[in-house]
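The first chain written gets the first letter, and so on, giving A, B and C; residue counts start at 1 in each chain.
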Amino acid sequence: MDTMIKTPVADSAPRIARERPLKIKARNVDVYYGEKHAINDLSIDIPDSAVSAFIGPSGCGKSTFLRSINRMNDTIPSCRVTGNIEIDGRDIYDRGLDVVQLRARIGMVFQKPNPFPKSIYENVAYGPRIHGFAKNKTDLEEIVVTSLKKAGLFEEVKDRLDHSGTSLSGGQQQRLCIARAIAVNPEVILMDEPCSALDPIATARIEELIDELRQNFCIVIVTHSMQQAARVSQLTAFFHLGNLVEVGDTDDIFTAPKDKRTQDYITGRFG
Amino acid sequence: MSDHIVKAYDEDLANLKTMLAQMGGLAEDHLAKAIEALAKRDTKLADYVIGQDEKIDALELQLEERAILTIAKRQPMARDLREIMVAIRIASDLERIGDLAKNIAKRSHAISEALPRKLATGLTRMGRLSLEQLKDVLDAYTTTDDAKALEVWRNDGELDALYNSIFRELLTYMMEDPRMIGPCTHLLFGAKNFERIGDHATNIAENIHYLVSGRPMREERPKKDTTSTTAFDSLNER
Amino acid sequence: MTDTAISAAPRRASDNSALVAKRYRSERRFKLYGIAAIAVTAVFLVLLFADILVKGLPAFFEHRMTLPVSVSQEAIDPQNSKDPKVIRTGDFDGPIREAFRAMFPDVTSRGDRKKLLGLLSSGAADDFRAMVVNNPSLIGTDAKVPVLLSDDADQYLKGRQTGVEKIQGQGTIAASADGEKFKLMTDKTPVLTAGDIVRLNGGAFRVVSADNGAYVAEQVLAPKSLDPANAGAWDIVRFTVTEHNRRIDDQEALWLEQLKEKGVAENGVAWRFFSSGDSREPELAGIRGALTGSILTLLVTLFLCLPIGVAAAIYLEEFAPKNRLTQLIEVNINNLAAVPSIVFGLLGLAMFLNFFGLPRSAPLVGGLVLALLVLPTIIIASRAALRAVPPSIKEAALGVGASHQQAIFHHVLPLAMPGIMTGTIIGMAHALGETAPLLMIGMVAFIVDVPGGFTDAATALPIQIYLWSDLPEIAFQSKTAGAIIVLLVFLFVMNAAAILLRKRFERRW
């Protein structure tokens, strides 16, 4: 894997990026929405088996970049992405790459819990079913149960798997969405402000879950809560006005950021 | 640095600084008075210093409470967080300095009758030096001047050296005349107190450096206080 | 926050109570306007429905007599073949006429007898025939046969020709012949006016002129005798509508009154209205043909519109690139929804009949034309329904690696279905009420037979209404209103189905 990555990780790179294998590499990425330049010349290395957090004020491009990683931006006709984003050294904007296969490898959890208005079981089973993961019914059931267990939801819903996913509480819904995402066994999980609609207790559960999942997945999370970024992530990237201002170990960013804009943002001084 | 969006946050931080400045002023004042009491054998002044120490203690408590409240309310990050943490630490240093000043004032009672003046002069010199250090480091804090703090940090060696020589001198006295052991011990403790005050000033300097740069002081601290390793045998040989 | 805000005296909302009062008044006024508007609409609606119901409900009832008819072997099946074909050719008219005449033995003149038989419906014999064919064992017995009355008789008995007032005779009355006319004498104060009919001794006289207790009258029904009648033995029948202004004359009216008094004529539910096709005879005309035509037409429309409309909506909403061409298509779909329906009729005439040579008056063609008409509505409604599905659902599906099509067919479409169904049913209801385009393709013909297939000549409910409303017979007015009721019920059922579907399938997300 290392041989595929042409640019070696520099010594100045964050510790976590040096310690862990590289998963996602972005170089000189620009994103445009029609005339609007949403992301400006962004380069970042995201390590595997770690949580990377994107923080920044609204409209700074963090969600846009997140959605560029699984090409969710393709659904917006006016959106244009240039530059290079590689996962495991493979360019994801390559013509030969199938976007549906790509999205199966990259799970996504959204800001608002969005379970399908179907049963809890169906919610989790949908992904494995369309990808033909399960040979038979018991197989599928096993996938559903393990996914729910991994998402820490199984104990709460095991008696009502046939109930509608929308009947769960907000936090449970979000964990159901995470279970749905990990059911297709992705390598990367993207989370777009996964706790912004949840109460603090539900948020804590999700954070705990993220911390557990970190062992096996490369997790990228966009969050508005700096405390959350500080709590769950190992790498933090600060975005501002479409620019990646600063990337660093979370421990450094929140105690001693290098850039004044980062400092101003995380201490609550932004105008 | 620009202001916070939440103005009350700025006020909270400013409050901490004000309280710390107050504490610094008191500690400085008490130290100066203790030195004066020692030099002039002024037991009245010494009693005054002893009585005033409570004020510093109360202020420290108050500051700590405020700092904890601010952390709970504002969840400070980066510089703000460091500022609060440093304020707590400096406050505790200042409180210790206050205690030491009080201790010195107490000892001036014991020293006042017995000792020849000559011996006390070295001690007061040391006291002035520590007072100087304290003043400088407090200045460095109010102006958040990293360079000045570093200077204080380096200058601590001088104080240590002075302490070394006083230590040796007092040892010699005590060996020559066992009756002197009592007062000399008091003097020795006084000297040790000044040396400790110097150490606290260095601590404060380190904290200032951390506040400004976000990194703890990496270099080894200039320790020239060798008394803890000085064997009596070696002194005897001399 | 700023200096000006602090220095200025604080203003409280309560300072300006006049303004507050004004605001409340304005709100109350607005509410009042709303209530008034709804009330006016409600009044008109109630008037409309009341009018239709009053006029239309009698169409669901008919008057028949149950007559004892001797089903004679020689008239119907002389060879006793028991073959339905033979039975069908038998004489069913004669026995009924005989049985009816038997009820009025006094009617002897040729003209009167013809007039009397005119009270029977021309379809009475057909009912009798059907009854016997279905049950040949009746042959050779005396059967109780329901005999339908003619439309005019039916209308009279329903009280829609004239009002009738019957007054018991007070005192004694005597009639005496005076040339062509008769003289009526009473011993009580005069109660008779010109036009009144006095019934006595089984006969009836119409008062021509009244002159102080001596009335000149003419004979309507021949009496058994001219003996004076005492109080209680005679009565006065007074019609509110004069003889010239109604389709049934006094003589017929009096016969019908006799039938009613004997309790022979009975009012029953006219199942015929739902079971038979159009007819020139109002009492025989039904809406089954039109209803079947409408249903067949709507079936064609539905099976064309729903797949095409939904597919087009999905493509335009989800897959089509956003460019000039798709914008043009979009604008045109919206415009198409506003095109007058008659234009679609002309298009259907030119395309389906003249160019493709499809049969005239067929539900197939009607359905095609209505499909053109309803398609834009369905496309617009479906697109709105698709757009109403939160994009998060689609994103969720895409996020687990579903293809665009899977995301839409597995998740978006099921959620949009209630909306699409509602739109479709409303579109179908629109199609059901549409008349103009069907006129152009010949569905306006007089068709007696109930259509049996998509290519049979047929008509539709609204056209049936249009046709009947044009006919002169009074009975058809009531039939028109009756057909309108059926159409409205049909529409209500469809709308209720739309609401039910929406309620049933609506899901939270």
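To be clear about the criterion, contacts are C-beta pairs under 8 Å (C-beta built on N, C-alpha and C of every residue); 3 or more make two chains touch, one makes a residue touch a chain.
Bear in mind the structure is a predicted one, so any value in this text is a computation, not a measurement.
Undergrad: Where the centre of all protein Cα atoms falls, which chain's Cα centre is nearest to that point?
TA: Nearest to the common C-alpha centre lies chain A.
Undergrad: Taking contacts as defined above, which has more of them, A-C or A-B?
TA: Of the two interfaces, A-C and A-B, more C-beta pairs touch across A-C.
Undergrad: Between chain B and chain C, what is the separation of their C-alpha centroids in Å?
TA: For chain B versus chain C, the centre distance works out to 107 Å.
Undergrad: Provide the C-alpha centroid distance between chain A and chain C, rounded to the nearest whole angstrom.
TA: Computed from C-alpha means, the inter-chain centre distance equals 65 Å.
Undergrad: When the centre of a chain is set as the mean of its C-alpha atoms, what distance in Å lies between chain A and chain B?
TA: Chain A and chain B have C-alpha centres separated by 51 Å.
Undergrad: Which of the residues in chain B end up touching chain A in this complex?
TA: My answer: residues 1-6, 9, 74-82, 213-215.
Undergrad: Given the complex with chain B, which residues does chain A contribute to the contact?
TA: Of all residues in chain A, those touching chain B are 226-227, 230, 253-257, 262-264, 266-271.
Undergrad: Going by the contact rule at the top, pick out the chain C residues touching chain A in the complex.
TA: Those in contact with chain A are residues 321-322, 390, 392-403, 406, 410-411, 415, 507-509.
Undergrad: Could you please specify the touching residues of chain A with respect to chain C in the complex?
TA: Those in contact with chain C are residues 70, 72, 75, 77, 100-101, 103-105, 107-110, 112, 114-117, 126-127, 130-131, 164, 166, 177, 180-181, 183-184.
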